[in-house]
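Heads up, there are several structures right after this.
Across the two complexes that follow, subunit A remains constant while its partner is subunit B and subsequently subunit C.
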Partner chain A sequence: MLTVVKDIKNQLKVTCISIKYALMREMINKASFLMNIIFMILNNSCFIIQWIVIYSLKSEIGGYSFKQILLLWGISASTYGFAHFFFKKSFSLSDTITNGKLDSFLVQPKNVLISAITSEVEVSAIGDMIYGYILLFLSDINIFKFVLFTLFTICGGIVITDFAVIFASLSFWIGKSDTVADTANDLITNFSTYPDGIFKGLSKILLYTIIPVGITTYIPVKMLTEFKISLTAIVIVMSIILTLLTFGIFYKGLKKYSSSNLMISKI
Partner chain B sequence: MKKYLYIYKSEIMSSLQYIFNILLNMVGYTVLVFIFFNLWDYIYEDASQLINGYTKNQMIWYIIVTEMLWQASGARKLCRKICEDVRGGNIAYNINKPYSYIGYVISSHLGEMTIKALITIIVGIIFGMIFLNELPQISLIGIIIVLISAFLSILINTILVTAIGLLSFTIEDASPIYWLYSKVILILGTMFPMEFFPKIIQTIVRFSPIYAISYGPARLFVNFDIKNAVVILITQMIYVGIALGISNILYKKGVKKLNVNGG
Partner chain C sequence: MTIIKVENLNKTFKVKQKEKGLKGSIKSIIKPKLNEIKAVKDINFSVDEGEMIAFIGPNGAGKSTTIKMLTGILYPDSGSIEVLGINPTKQRKKLSYEIGTVFGQKEQLWMHLTVYDNLKFFGAIYDISERETEERIKELSKLFDLQEFINTPVRNLSLGQRIRCEIVAALIHRPKVLFLDEPTIGLDPVVKENIRKLIKRMNNEYHTTVFLTSHDVSDIEKLCKRVIIINNGQIVLDDSMTNLKYHYLDKKVIEVKLKKKVDFNSVDGIKVLKSKENNLKIEIDTKKTDLTTVLRLIDPENIIDINISNTPLEEIISQIYRKE
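== the complex of A and B ==
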């Protein structure tokens, strides 16, 4: 048991160092770094206009008030930002697998998947996370909601990453699957910014099962409005199960991986 | 002109190799149409209700067309390519070729997007028919004019995004400018017709490229009127000229600053 805890501690330490150096690389050009963050916040803010126009036509949309829509956008932006900042490479993992770029991670003495997906950071994703918290502050906020929002951001971010890794892992079996993975990732982004109340029948069932937007966004918004321990626990448990499943699928696929003897430099 | 036509044709042939990817990309388009269909279906209480002069069917057809135009432009990919060309120094390989870089980028991008645009039109019409059971009332001549207007819309968008990409000469990474440009078009042109905004914003949209890129062709499709068609087509042709002028100025200024380290 002690060895497992030590291993996890070591892995976390290495991951933090990897992310720190990736961030330092991006900060070389400070003007570009800041511009990416600020413009991403402005970019996301444009959508407030969309909802102001929609709410001028009807007082509630899909059972959501305007404040709840702000929360929906907040949680959606922060989960997206969390996943793309810390695990950027999971969204291009298919390319890493098909082009034999996994070789350099296989020789590292740490977890292959975590090393591969944390090797780069997306600067603009910091803007997404900041925007998420700005929207949280615009709705009713207290310490409890702040902690809950952070918990859902982490869980949702991990689920989005899991989803991306599972689809990218298809490359182990079917070769190039980047378009399939991109399409699947876009599904989550598109659905997570609209209230689930506007969908009916099968599409609504899909959003709580195969496309995990229910776990990443819809349940968290409901919990931030009316807290229920059982539903919060479901989000946490589902995140853990999906992560274990992701590692299982990736490592099963890794057995099929064949090196391309690609020579690349990692700085 | 012949050389650009050749580049255009070569790109069409090349894009046919990735037909599966193009079809898969249609999933994203149909999902967006599906989301907007559900959204407007929720907002409208019945099919005969008018909101800002639009029936439910007109509103959904408007979005099907504007999303179609946006998807068929492939603007994000184009902007990323030009930014990488400028930042990575690849643009140096194009400078000494017997063609204009802007002409090359536009013709190759339009070639790459042609098959995608045709498939998007077919998918959009099929989805519209499935969801709404009827096409807007429009004659054959009307459809031809809308297609010309749609082509001009994609052309203007392509040239303007080229101009944004060329800003990389000055600010290193022009992607953030593109994000804002795309969101302004998306909110003020793609998601809503200009009648949904206050008078002051309507005036801004009327005299901005949004009118030529999104509102014009979509409005013609949902409510065809020959007078409007003439105004929209003339506006679009003026914008083609303006956008080409801006791109050329930015390119000429940028190339003077270019400093490529050989290797």
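== the complex of A and C ==
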């Protein structure tokens, strides 16, 4: 038991250093670093202007008030930002697998998947996270909501990452799966920006199961407006189950990993 | 003590085959054709503690596949591997604490970080305390002469300096076995020689077992006492370097400057490699004719200058690759 705790502690330490170093690399060019963040916030702001216009014509869409839309966009942006900042490489994991770039992680005594997906950070994703919190402040804020929002950001970010890793892991069996993985990731992003009330029947079932937008966005928005402990538990439990499933699939696929002889440098 | 033990190791890759052109591409989507390529076929060998072994072969022979199976990167199809009594397939993490790897073609260092920060990162990866890491950095930077550029970002180093740092990063956790996959690729002769000296010094100081693959014969000749040659996935030779030289030394090369030209074209066992005016370069097959006969044919009185040498090791290895 003690060894497991020590292992987890060491893994966390290395992961934090890896993220810190990746961030330091991005900060070399100060101007580009800041511009990336600022422009992402501005880019996201354009979408909310559309909703302001729509809500000037209608008071409710799909069961959502304007404040709920703000929360919906806030949680979508922050989960997306969390996943893309901390686990950027999970969104290009298919390329890492097919081009044999896992070798250097496989010879280290740390978790291969965690090491591989945390080796780079996406600077613009900081802008997404900041934007998410700005919208939370604009909606209706208190300490409790702030904590809950942060919890959902982490859980949702992990679920998005899980989803990306599962589809990228298909590369172990079918070769290049980047297009499939990209499409799946886009599905989550796109669906998470519309109120779930507009979806009915099969599409709604899909959004709460196969495409886990329900877990990443819809339930959190409900929770932030009408608190129900059971819903929070569902989000946490589902995140854990999906993460365990993701590790299982990745490590099963790893047995099929075929490496490559490409000349590679870690930049 | 045996450090590496490999028994009946096999690895097959499935490679997609495609006929040429767009038609071929469409055909391969409808009915994909897969070819099985046996990269490693039933190989057996063992390596003792402290040995420096050369594992060589032509491109595509199965060297890298074997090294990747030994380090836990690839899963073998069948057979058994034990490195320090650990099965790389089942206990990859445990093994990685005990081995170091340097892939000449794949950088493991962060390019934007200084050498020092990189080494600190590797210390953390292997769960070494900060103080201990500091001490090891000091010790290794002295042994590998890194002091001059320890605070320089890796991207600003020359290739030779970078490889030195890669080796040091692989040694930070004091591994018992070091796998070097073409460590001198792309380096100039002076730097190559420098790296070889450092590897030798490391072997002497820490008694690290070294498993080396290289296409550079000088690496093999100067570093290793034993050589394993693999070709088409099979081991074709496993012998000491001395035996390799002597068993295959049935040919001598004579370069001679003569007063009068001598014709050797019709003499059995002698092959004229170069002939320009009175300068000759001939190869003698000592199984067919001995040196005394050749020297008698030349006539000592006729010689201005002579040089008799063995066939270069590179040529011997090429012959083995070609199964001559």
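Simple rule for what comes next: the second predicted complex is superposed on the first by the 265 of 267 C-alpha atoms of A that agree within 3 Å, B and C clash if a C-alpha of one lies under 4 Å from a C-alpha of the other, contacts with A are read in each partner's own complex, and residues count from 1 in each chain.
Note that in this section a contact is a pair of C-beta atoms (placed from the backbone, for glycine too) under 8 Å apart; a residue touches a chain by one contact, two chains touch by 3 or more.
Please read all numbers here as calculations on a predicted model, not as lab measurements.
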item	value
Partner chain(s) touched by A:P109 [first = subunit B, second = subunit C, both, neither]	second
First, second, both or neither for A:N10, with subunit B first and subunit C second	second
Touched partner set for A:I143, first subunit B, second subunit C, both or neither	neither
Partner chain in contact with A:I28 - subunit B first, subunit C second, else both or neither	second
First (subunit B), second (subunit C), both or neither touched by A:I54	first
Touching partner for A:V180 - first (subunit B), second (subunit C), both, neither	first
Contacts of A:I198 with subunit B and subunit C, given as first, second, both or neither	first
Touching partner for A:F39 - first (subunit B), second (subunit C), both, neither	first
On subunit A, positions contacted by subunit B and by subunit C	none
Residue ranges of subunit C in contact with subunit A within the complex	13, 16, 64, 68, 71-75, 92-94, 96-97, 99, 101, 103, 105-113, 117, 121, 124-127, 155
Touch list for subunit B against partner subunit A, complex	20-21, 24-25, 27-28, 31-32, 34-35, 38-39, 41-43, 51, 171-173, 175-177, 179-180, 183-184, 186-188, 191-192, 196-197
In the complex, subunit A residues that touch subunit C	10, 13-14, 17-18, 21, 24-25, 28, 102-104, 106-110, 175, 255-259, 261-267
In the complex with subunit B, residue positions of subunit A that touch it	29, 31-32, 35-36, 38-40, 42-43, 46-47, 49-50, 53-54, 57-58, 61-62, 124, 179-180, 183, 186-187, 190-191, 194, 197-200, 203
